[in-house]
Amino acid sequence: MEKITVRLFGAAADRAGTREVELASETTTLDELWSKLADRHPELSPMRPTLAFAVNDEYAGGDARVEPGDEVAVLPPVSGG
Amino acid sequence: MEKITVRLFGAAADRAGTREVELASETTTLDELWSKLADRHPELSPMRPTLAFAVNDEYAGGDARVEPGDEVAVLPPVSGG
Amino acid sequence: MFAIVEEPIDVGALVSGAYRPDCGAVATFVGTTRVDESGEARVEHLEYEAYRPMADKKLAEIGAGIRNRWDVRYVAIVHRVGRVDPGEPSVAIVVAAPRRGPAFEASRHAIERIKEIVPIWKREVWSDGYIWVGSQVGTRGAIRTT
Amino acid sequence: MFAIVEEPIDVGALVSGAYRPDCGAVATFVGTTRVDESGEARVEHLEYEAYRPMADKKLAEIGAGIRNRWDVRYVAIVHRVGRVDPGEPSVAIVVAAPRRGPAFEASRHAIERIKEIVPIWKREVWSDGYIWVGSQVGTRGAIRTT
């Protein structure tokens, strides 16, 4: 089965110590995927309230559907400019 | 006696057909000087309500004192920028 | 830096001259010649004239007023006189500040004050005559009567 | 024109690329690296990273939103990634409009939206450690605990 690629940025990549994680999963939701990610990288858990997520390059909420082959991004508060 | 130099700009210079007028005068006021100027260049009279004046490079009102040797400027509505 | 110049304004040099390690924001405003149209007539170029040195003094006063009112560390205003062709800059205002709010507000303020108090005049040269902006004096028949 | 670049931003070229005969106003905002200080420590440089291509897409969305809302004829936004030294531009926004009001409003709007929705992150590298701005995650002891 295709995996779900999770990309981590900024402070989230820093905390997790990696910029990319592959998770095996059936079709699921962002919230469920987060649980798997937080199991693998518990150091991310304290950041949860500040994080946003994207599925395939677009912001998405916790109940958004995520399918094998999708790219999910973990987005700390943006600070461009 | 030194004269008072009156400099004209923009639409005022255009109407009067000159950019500089020398007026002989004792110490006077801007309002009185304007009367002399308007006598010499009656084509300026219709512009009077729109004009501002400067004496020696600073905005001045009708009762401002003007002395021989001073430079007076006739300033149509500014339109820089 | 406050100047009235006859040659084209090098806005890039003005902006990069404003970068400072104590500032996080540089706001720039450039006024350019816009080709208005009216019926079959159109603006071909602008001609600016200034009353100097009063105009220089008023630009510097605007700069001083800005530094008084906002936390701004650098202000430059350059106004061109003479002929300015379509799309060319007639005025450039560059403000550097630690934070963006004051930079934006100060640059907006500067152009508004220039249009109020700096003795500079603009003549629009149209394909069918000219008009002194603000005085409505000129050789364009239609506009002269408005 | 919307771009995320690794090399220094040539703001002068961006501004002169915005001049158009149908516009009278070009408003430009440049964000530069400000050296903040705290006790004996100071910011030495910034490091930006972006999530691409989402960041490119969000810049273009901001541009489209601006053209929807204001009478604006040209918008360029360029954001730099990687190391940005003190006083250097990290972002440049250039807006050309027929009139100055919309140009000012749109350029202010663009920087506010960038700071809200574009997936770009800034790491301040201080003389005594680093800090991810907004997340307060880093190696600077004093700030980590706040």
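When the chains are written out, they are named A, B, C and D in that same order, and each has its own residue count from 1.
By our rule, a contact is a pair of C-beta atoms (placed from the backbone, for glycine too) under 8 Å apart; a residue touches a chain by one contact, two chains touch by 3 or more.
What you are looking at is a predicted structure, and each value in this text was computed from that prediction instead of being measured.
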*In terms of CA centroid distance, which chain is the most far removed from chain D?*
B
*Whole-Å gap separating chain B and chain D, where each centre is the average of the chain's CA atoms*: 49
*Find the geometric centre of each of chain A and chain D from their Cα atoms only, then give the gap between the two centres in Å, rounded to an integer.*
25
*Give, as an integer number of Å, the spacing between the C-alpha centres of chain B and chain A.*
73
*On chain B, where are the residues touching two or more other chains?*
none
*Would you mind listing the residues of chain D that make contact with two or more other chains?*
31, 111
*asked:* Can you give me every chain pair that touches, using the contact definition above?
replied: A-D, B-C, C-D
*Mind listing the chain B positions that touch chain C in their complex?*
7, 9-12, 14-15, 47, 50, 54, 57-59, 73, 75-81
*Contact footprint of chain A on chain D as seen in their complex*: 31, 48-51, 53-55, 57, 79, 90-91, 111, 114-123, 132-135, 137-138
*Along chain D, where are the residues that touch chain C in the complex?*
10-13, 15-16, 19-35, 86-89, 96, 98, 100, 103-104, 107-108, 111
